[in-house]
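Okay, so subunit A shows up in both of these, paired with subunit B first and subunit C after.
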Partner chain A sequence: MTEVRLNRLTKIYSGGKPAVDSITLDIPSGQFVSLLGPSGCGKTTTLKMLAGFEDVTSGEIAFDGEDVGRVPAEDRDIGMVFQNYALFPHMTVQQNLAFGLEMRKVSKAEIKRRVQATLEMVQLDHLADRYPAQLSGGQQQRVAIGRALTIEPRILLLDEPLANLDAKLREEMRVFIRDLQKRVGITTVYVTHDQAEAMTMSDLVVVMFDGHIAQAGAPREIYETPKTAKVAGFVGQVNLIEAPMDPATPGHAATPFGPVPVTAPGVGETVTLALRPEAIDIAPAGVPGTPATIERVQYSGAIVDYTLRFADGTAMEVKTIPRHPFATGDAVSLSVDLARFRQLEREY
Partner chain B sequence: MGRNVLNIYCLAVYTFLLAPIFVVVGASFNAGEFLTFPPQGLSLRWYFTFFENEVFLRAIGTSLWIAAVATFFSVIIGTMAAIHYVNFAGRYKEAVRVAALSPLLLPEILTAIALLFFLYDIGIGTTTMFGLLVGHVLMTLPFVFMNVSASLEAYDTDWSMAARSLGARPFTRFRRIMLPLIKPGMIGGALFSFVISFDIFTISLLLKSIGTATLPIQLFDYLKTNYTPEAAAVSTLSIVATITVVVIVEKVIGLKMHKF
Partner chain C sequence: MSQRKTFLLLLPAGVLLVAFLAIPYVSVFISAFREPGQGTPYGEGYTIANFSRILGDWFYVKQALNTMLIGAVTTLATLVIGLPVAFQLARPDLKLRGLFYGIVLSPLLVGIVIRSYGWTILLGNNGVINRTLREWGWIDGPLPLMYNTLGIVIALTHVFLPFMILPIMSAVQGIDPSVSSAARSLGAKRPTVIRRVLLPLAMPGIQSGCILVFVLALSSYVTPALIGGLRVKTTAVTVVDAMIDTFQWPFGAALALTLSVLGGGSVLIFARLTRMKWK
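Take a look at the complex of A and B:
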């Protein structure tokens, strides 16, 4: 079990702006951490520095307090799972799993025992003598995870491991990886641009933009109390409301649903509020609430998405279970628990 | 209809191109004194003549020896060049490729003359087989380079990275991962190299030392003064030898490479 600490970790490729810009992050032992962000945000570069495939420009990577930033990848004791699996095509499943142990000069009998244990762990004992090309994508993925784990590494790194699988298999593998990680109890860093993967699998989600950590926290914390509009938007749909201060109630911003308490900026300025589409209740006109008109209906079975427009012209998204058969043009009445509003930090 | 015309056309072209080879093979079984086709009676007499002809036997020995040694060095140098070209050449990639393939692009006679001058200028000359070997390595290098580069282009660098994360040091990564995966390209290159070397004429003509005629040179010398079916017998045997090499390599090593 390894505790990982990144301290002002920076990567600058020759002559460019930093790919990773002074990030600091503590990963408690045994946690599953996702680095989430769009491509080019520095998440993969961070992972490569953790693995030792990229040199650290400045800053520190510490495993249990010991700086490993200059330790070459082959000595760092990390398990790495690649997006395209990177299984050795000329070796059988068994030989792939044994490779790391052979490098460690483990005895033949011990290798046999540990490979067998791994095969059982990833449920592939019946395919031990197959070559990677004879396996399905999901099976190859499990071999790749098994191969990374047989060496009993200090940390496990996964680089978009589910990107090449189809949707159904992807969901299965999410559960498989998460269960396995919990069982083994290994500190895990998972890189993805898929917010659903990050939210469902992680103990800690680290949202990255432009080489910076925008916000790090539990999935629920990231979703419910996003710090910025970018974070709010990346982890789900969101209504952003640019609200002026309410002259009648000091310390409150004026919204279509009434005054919302905010940390007041200067006089005459506005605040940005976030409101998740599922926080809004929609009822037929006549029920007390804020009147609006339905502009678009997107029905998808369990959920229906409405685009609504207020009398002042502003639009809002609402996501709800399909309780009423509203149609485009219907007048409706909206209500919301004012505590669901989040005041966002300004981004400069 | 159009397809049939095309098929017949292809068949005609191939027949035209390959017929001379069958004529040579047929002529080698001639019982008569002259190189004629169809053969005047069937006999193996010219094969027996050949096996008693020490000059030809020595030439074949020389050719096989040079082909083997040249291939050995070609495979080593060509593989290293290909690895550099694919992984490390960076913005000089195109220049490296043109340089490696230049023996193919330049007329062989030009390369031969240049090498001849060069070898005498640096004092090595053609008294030993060294110059001849250099020429053969040079001419066969592009074939190894092309074959190995092709298999390296299909090589996923993540394989090396995966091996690295599992604790493999650079030489182990090369030996256990890259080498087995580019081996098909190296074997293909070696086969080409061997067959090409066996066939090189101009370079051998200019760079051979006294008494080290390769088979094509010896055959040429022979045909200048003789016109017996023995030449056809020698040609047939060298065709058979070439095919045998290809088949043996395919059987011994080739089967392994199709396993994945």
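Take a look at the complex of A and C:
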């Protein structure tokens, strides 16, 4: 079990602006951490530095307190799963799994035993003698994970491993990877641009933009208390409300639902508030609440999305279970638990 | 497109192939089993005498074996020289790619006769190489570089190098770079990555390069004729002698057929030995 610490880790490609800009992050031993962000945010570069495939420009990567930033990839003892699996096409499943152990000069008998154990772990014992080209995408994925784990590495790195799978298989593999990681107890860093993957699998989600860590926290914390509009928007749908300070109630911002306590700037300025679409209750007109009109209905079975417009012209998204058969043009009444509002930090 | 239209599109190529490839091959095959003719390409009746003449005469057997040896050594030489070049050319970060491609292809851009004469200037007893070495006092008499098997191999290696480099290069370019990264992450150092991963994955290119060069070297005529002169003749040269100079068509055809069988057999055995189960 390995604890990973990134200390002001920076990567600058020749002559460009930093791809990874002084990020500091502690990953407790045995945790599943996702680096989440759009392409070009530095998450993959960070992973490559962790793996040893990219040089560190400055800063430190420490495994259990030992700086490994200059240790070449082949000596770093990491297990890596690539987006395209990167299996050895000329080796059978069994040979793929044995490769790392052969590099470690493990005895033949021990290799055989451990490969068999891995085959069982990734549920591929019936395909041991197949070549990668003869396997389905999901099976190849499991070989890749097995190959990374047979060497019992200090940390497991996964680079968008589910990106090439179809939607149904992706969900199965999410559960599979998460269960396996829990069972093995290995410290894991998972790179993805898919917020649902990051949220469902991780102990810790690290949201990255432009080479910086925008916010790091448990999935629930990131979703419910996002620091900025960008983070809020990246991990889910959000209503952003530019609210003026309420002259009547000091320390509160005026919203269509009433005054919301905020850490005030000066009077007359505005604050940005975030409100998740599912935090809003929608009821027929006449029920006490804030009146609005339904502009668009998107019904998808378990849930329904409404686009609503207030009398002052501002719009808002509401997500709810389909309780009332509202239609476009209906007048409705909205209510919100004011505690669900989040004040966001300004981004400059 | 309908079957019929597809067939029409294939027709021109089909006619060409049948008229200028299939029929001549069949004709060579048949005349190899004919009696020699008097004032005609071949005489009446069928015989295997042409083949017994070849197999019974150590001169022809030895010549065929030497031709095979030239093919094998040329293949090996182009492989040894070409493999590292192909790996370097396949690097995705290669600069001046066009220039290097041009250099690799340059042997093919010079006419075959001119190129062979160029080699005679370099390799002859009074050639550039021997004269330079003599002036430097490294040798007393000229090194035998011309009119022997070595000279033929040198000249053939030069011209067939691109046929080795290009297939290997394209095979190496087709290797997913993350496969090497995966090997490294599993603990393989660079030489091990090359030996255990890159070379096996380049095998399809190595295999086709070897087959191409071997077959081309076996059947080459102009270079062995000019560099080998009267002293060393390959089977291909003797075939032409038999056909053109002494007008023994059935014998020439039998010799050509023998060479084809030897060459084709070698290629089959080679392909069998280097078979890749994962393909």
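Brief remarks on what is shown
Assume the second predicted complex is superposed on the first by the 348 of 348 C-alpha atoms of A that agree within 3 Å, B and C clash if a C-alpha of one lies under 4 Å from a C-alpha of the other, contacts with A are read in each partner's own complex, and residues count from 1 in each chain.
Everything below uses one rule, namely that contacts are C-beta pairs under 8 Å (C-beta built on N, C-alpha and C of every residue); 3 or more make two chains touch, one makes a residue touch a chain.
Note that this is a predicted model, so its numbers are computed, not measured.
Per the definitions stated earlier, placing subunit B and subunit C onto a shared subunit A by superposition produces a clash between them. Within the superposed three-chain model, A:Ile151 lies in touch with subunit B and with subunit C [touch as defined at top]. When the two structures are aligned on the shared chain, A:Ile303 is found in touch with neither subunit B nor subunit C. After overlaying the two complexes on the shared chain, residue contacts for A:Ala218 are found with neither subunit B nor subunit C. In the superposition on chain A, contact is made by A:Asn84 with both subunit B and subunit C. Of the two partner chains placed by superposition, subunit B and subunit C are both touched by A:Glu74.
Comparing which residues of subunit A touch subunit B with which touch subunit C, the overlap comprises 51-53, 73-76, 78-80, 82, 84, 86-90, 99-100, 103-104, 131-133, 147-148, 151. Interface residues of subunit A facing subunit B in the complex, by the touch rule stated above, are 51-53, 73-76, 78-80, 82, 84, 86-90, 99-100, 103-104, 131-133, 147-148, 151. The touching residues of subunit B, counted against subunit A in their complex, run 156, 158-159, 161-169, 172, 176-177, 180-181, 259-260.
Subunit A contributes residues 51-53, 72-80, 82-84, 86-91, 99-100, 103-104, 131-133, 147-148, 151 to its touches with subunit C in the complex. Across the complex, subunit A is touched by residues 176, 178-179, 181-189, 192, 196-197, 200-201, 203, 276-278 of subunit C.
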